[in-house]
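Worksheet: one structure, shown below.
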């Protein structure tokens, strides 16, 4: 089952190489749909009660090096997998509706990318994870570089993509070293294994945890991208072909955050606790900086890009609140953000087809002739700004609550990001849909209604957003047990919120607010 | 007595070497090398390596050097400009080389190997004479011996490959050179 | 059926209505949409009454019920259910909201007739009502926040309803962002409550609060202040009020429903709802009261000079809400709620009348250009006067009783709270003056061009409408009603709505006459029973004294207005000349917008610019390009060393050789 | 005579040879200098073989001679070939390959 | 005293004999007219036979001819790699102008000679054998580099290689002399015991000897700062020879590196390991940094070779079984990846006027997918991206390094890899993300590799099975061993075990 999930896309992609014309696109879409079907099946069959791995596969791969081919699903990755498969259907279908040059290659890479991404979510062997994590980049490198757009005022697509590759691999390669070091140090002359579960059991001395932690953190923070490490993002985002960018920013960024939960917290608990503040500060910086940038940009892609920086800042903060609720929120928010950012990029693509520009100063008044598109976009925009009543709100609420209970001051700063997000998200919506179209010399903006085929792509995604808004519990209660376990692994068993929710309410003294940030 | 010979030979060797390096005309350099080789042969004799000394004279000073002379005669040994195109090469070269020499000497003189301060152990008669060396060559070092013969073959082939006359790459003007 | 199930229905109808209209977009004729919308709200109102009946059927102590549908998001100790809380307070609010909304829907049914965005309008309007009801019925703080934000969004959507107006979209954005700030206040409050009490559920919280907090402990004060941020942002209290006047960009029914009758009073409801906490945090309560007081005075002064009809009314709204906030904060809960209700009636009415006039003016809103509508639109003018009377607390009208009850309570509480009474009366004076300023400027006198046309030809001005704020021509194909916009008081629906409201504005006060009948107080008592402040009740005598003073003040005010605008119409101009500086100060609304602009907007943009121009380029990219350059440089060096001279290769080799030997020699010793 | 002297002498010759390679530009002379260095090696080998009292060193030296001869042959072959291509017989002028 | 005939295990030296015979036969073909064209086939035959004989000895460990040679899995695996590359070289040389210049027979004979040297070197367990073997390896290569007599670059590379190479050998020799002087032995085991028993641990004489030996070997494996010959020679030599040299020489040299340092100089490991580690780090930096600005593919691969050598040296540094195995694995993977790359380069330089300039591969993805894929895969592999043998190789190496407490070197490898993306991906981008440069002959002669003495253009080169075939196979192998590395891992671990087991 799980093998099918992982390899089906690739299989379809290889077959697709031998098809001709538009058929390739449809075939690829079929492939993603099948995968989605499998994923849904697994979610349906998932035992929400247990915190352990399910659907596990575990066979030795390179016995000499202690690497196993071991996959599994638990609360952490269950919905990320669903998200991945879902967004890929969207992206692929959207691309399939359009003429692509060298379609065989394009869709092959698309599906290859899906397999790689799924792999990094499914992997339960540290090295397998690293492998997939690095490999993800390869197909995207080609997709961005070959089908991307060269900018007149900036680097060519391939240059921008090269920058992205190098930048993101910095972390990944250090991570490879770190992963191996983890295994060897914790094996300590004994039997060498990379199985995450075993490594967690064996544990690691603190001094080696310290540097290994940062090697992993580097990889994940770059991927997100976090503040100061996002240098690759603007160029790459402007170069990337939009359907690909939709899945890229929808899913890949999450792998970083996911890595923290899957690997860093369980394997390097002491280091995690020790560096909690540092990471939190980075997260806050991402939130503030991302938001500020987002509401000063005029390029639609960049608005979305920087908003993602901010959003992933929230997610990181939630994880590093080191409380169950914070991490629950983080997992939920990963799914939510994926669900909103992908539609945004698809809408950007649609807008671009109509206006021929990606600069909001040259757009406007779209809602007049395209009310349906406007409505869909409105929902997406509201979700993006974490409108209460949307699942995104619940996500941020949990995150911030966790952060608030753990480190008040951080929460107070972080929450200012919410206000800013309201501004930039709405600004994006208004600038494109409302007001009148500024008279351009080029003119030629036809505000057509969204075509049926794009509607077919977009509507389901929006529907998911709405559905989740009504019942976020769907994700939360399947996630909670695993998260609880993961977090208590890091915080050494005691789950803070338990003392709060149930027992005698404790009264907080004024000084504690400011001392609160110092307690471990 | 031995010391005297040693120093004479040593001076000869050094002189020859310096000559090789210093003399402008390749032809003279070759001759200097020949001198150098002869003095080395003398040193070999002092070290009771009769066979090696003989080989040195015969193979080198004989065969190889003759080959040299021919080639020099063929291609002509024009001198080279005094100014060195690579900035500071000469200075650095000499500097580094001398440093190297000092280092090696330090290593040797500073070695804990006591035998170095001696003239070496008493050796049986016939040490280093053709019979002994030859036996060693055919017993213990048979393989290197054979291998080096093949190597000679290869080298010969190579020389032919490189120097053979081909129609298309036949130079028009004739040979030019001293002598 | 129990009260809660009725309450669920109350929620259901508007939601269904909204969705139905949205989806049936273009599929059904616009009239149908209007009917569905109105019907939905009507149904909600009826269910509300049913709920009321159920509640009245029970004994006063047991009149609170919680009910929840499903776990919305409750893991890791957070208990967030999709639950409602039904008690007299919420039912009271439900009735006010649904009641007024029904009428306003009726009004809009006619008023928006010729508008292109008819479906959209009713869908939004229904959605707003749903959100408002969600807000008042919410059973826990999270759901409260949800409703809170929903109404915020609804108001945004309706403010920028005519989205081709730049001014409208700007105003919408402003309203939304300020409201989000309010939401954040609530969210933080919720976090702090959860931290202290470990629950979001009203029941648990209000039950545990007295044990957890001792009076004026900083945490509870902080909680209340954070709640107040939310309340002020929503209820347009200082300093979060700047969005309300701009919100007048929206269609007039919107102004009357959301920005007068219902949404803006949410803050009042919130304080009343969480009075348990405020009782524990007197400091916060007093702060709230003073802010309310300040707002009512500031707004009153500004309303004196506004020349834009709707904005003037908007400022009066602010100041009236100031009264309510003041009331519920000092403990006059039922009085505050009472004023909330009456205000809903007469302010809605005023806006309707104003809308009618404005439409007759082909969308001009400047009162300087208006005059003589008394003759031109009789019905409208009558209702307008009724509203104005109630607003000015003319003896016997609804506003008269409700406002004075608050002030009487302030007096009864005594001590420093007398200040509230005194300044409250001063505010009342201002109110009387500005409300009748409007009346006297608009209705009497020789008809202006539009009015004249109405009198002569019986139909309305046909100019192409212009945006009163920016003066740019409206593009009428987006949904803005065009020149063929014949609705002023001509559709029966509007007449009915205005009539009913006029009646209520005049006589609704009689349900709560001190000493005679105190229906509302009795009805709400069980809610506030736990508050020690509820014990304080002004004696009947004191109340009547207060009423007398109030009556006098309102008459004086009206008198002044009459003298200024009818007897000596030139005096205002003279006054303006005399007190130019004061006028400019007031006319510029105390420069609040400018202040916020300087304090918040500009800095934010400056930071953004800095981040873009400098930080992103030099630090972030610098990080990349820096490393890139270093590597390139190194590459240059390597390739320069690779200079093609075999002898220098040899040199390097020997250098390396010497180096290695040196290393080993060092190792040896 | 102490063996040390021989070794030091050979070191000196080795150095001189190195200098030659570094400063001379005529490929033929450079080949000669290589010979010098190999011979220095030989001298060291023979001296050591005397010092340790076995003749393996001498055998080694013989083999080295053969190899040196091979290098010379090949080197001279190259020189001839270069001469045939009418290229200058100066290693400094052969630098088409660089960077 | 009478002559004792040494015991000779003919079975053991059968591979060497086979090679030698083959060499002579192939040489004959050049004089016997009717056999002119058979040289390549005979060469392949010889190589095949040798390989067969070697495999026959798999898992044995024989000491041959009074300890001159040590035939074990290490030697066999290395020899096999060398032979594989030689065979590939023969195939790629079909239609190579150099063969015409030199004469097919001689060309292949020299190639075999070099292989012979490598096979000997891989087994050498005695300093004299070692020295002879390394010269037997080098001297034919000096010649082969220069065999494209028409092109100045070829001759130049030959001469440069000869001069610097001989300098290296001289140094190596001198080092051996010191070691011999110190220990009085020439066979590795003897040296080791000599160091221990004569109380020479850490003695200057020995250490300097080690230093000089290290220089000699570092030179052969093109470790910085003894690397400078590499780019020039790689670029100047006929491309098939470059392909052969790039892998085989490294392989053989590393084999003896392992044997000599881990066996003979094992006692001194604490002194030489750090030094070598530093050298490795230097060459990782130099190689990767140097490759960045290159436009000539062969040069680029030359520099990358320096960097790769730096990675591999790590396997020697840790002086452990896993280190050795990882090195062997990496060499094998490297063989595949390089072969794929060079095959494509050859095809393009014969097809286009751009020679080995990067412009020759522009737009290849669209015009010649069958060539683009192998080159792409090989570049990704060399860059160490997952799903290629290159990744597993790096993984293996890093594991060995971390085990041996050289984590910092592992980090260096990571950083180096990162820089390397800068040029590997440049090639990939040129193929897939640019529109093709014109491939028809007749462009401006100023272009690199198209000087007047340019080799003839073969418009059909990119369809020649003997060029595309190897490329595809090698690429396939790269991917295959990236996904199913187990067989190669076993192969390598046997080799490692044979040295330490």
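Residue numbering begins at 1 within each chain, and the chains themselves are lettered A, B, C, D and E in the order written.
Operating definition for what follows: a residue touches a chain if its C-beta (ideal position, glycine included) is under 8 Å from a C-beta of that chain, and two chains touch if they have at least 3 such contacts.
Since we're looking at a predicted model, the values are computed, not measured.
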Practice item. Give me the fewest steps it takes to get from subunit A to subunit D if each step has to go to a chain it touches. Key: 2
Practice item. State which chains count as neighbours of subunit A and simultaneously of subunit C. Key: E
Point to revise | Chains linked by the largest number of contacting C-beta pairs | key: B-D
Revision key, fill the gap. Top of the farthest list for subunit A, CA-centroid basis, is B
Point to revise | Central subunit by CA centre of mass proxy | key: A
Practice item. Would you mind pulling out the distance in Å between where the CA atoms of subunit B average out and where those of subunit D do? Key: 6
Review point. If you average the CA atoms of subunit A and of subunit B, how far apart do the two points sit, in angstrom?
Key: 70
Check your understanding: When the C-alpha atoms of subunit D and subunit E are each averaged to a single point, how far apart are the two points in Å?
Key -> 25
Point to revise | Length of the line joining the C-alpha centres of subunit C and subunit E, rounded to whole Å | key: 79
Review point. Counting only residues that touch at least 2 other chains, which ones in subunit E make the list?
Key: 128, 131-132, 135, 139, 142-143, 146, 149, 159-160, 163, 167, 178, 181, 203-204, 207-208, 231-232, 293, 422
Exercise for review: Please set out, as single numbers or ranges, the residues of subunit D touching at least two other chains.
Suggested key: 7, 14, 17-18, 21-23, 25, 47, 49, 51-53, 56, 59, 63, 67, 70-71, 74, 77-79, 81, 84-85, 91-92, 94-99
Check your understanding: subunit B: which residues touch two or more other chains?
Key -> 85-86, 89, 92-93, 96-97, 100, 103-104, 106-108, 110, 140-141, 144, 148, 151, 154-155, 158, 160-162, 169
Point to revise | All chain pairs that touch each other | key: A-C, A-E, B-C, B-D, B-E, C-D, C-E, D-E
**Study point:** Parts of subunit E lying in touch with subunit D, wherever the complex brings them together
**Key:** 127-128, 131-132, 135, 139, 142-143, 146, 149, 152-153, 155-160, 162-163, 166-167, 169-170, 173-174, 176-178, 180-181, 184-186, 231-232, 235-236, 293-294, 299
Revision key, fill the gap. Seen from subunit D, its contact residues with subunit B in the complex are 1-9, 11-20, 22-26, 28-29, 32-33, 35-36, 39, 42-43, 46-47, 49-53, 55-56, 58-59, 61-63, 65-74, 76-81, 83-86, 89-90, 92
Exercise for review: Sort out for me which residues of subunit B touch subunit C in the complex.
Suggested key: 85-86, 89, 92-93, 96-97, 99-100, 103-104, 106-107, 110
Study note, to complete from the structure: In the complex, subunit D touches subunit C at residues 18, 21-23, 25, 91-92, 94-99
Point to revise | Partner subunit A, residues of subunit E touching it in the complex | key: 325, 365-366, 380, 384-387, 391-392, 394-396, 398-399, 402-403, 407, 410-411, 413-415, 417-418, 421-422, 425-426, 429, 432-434, 485-486, 489-490, 493
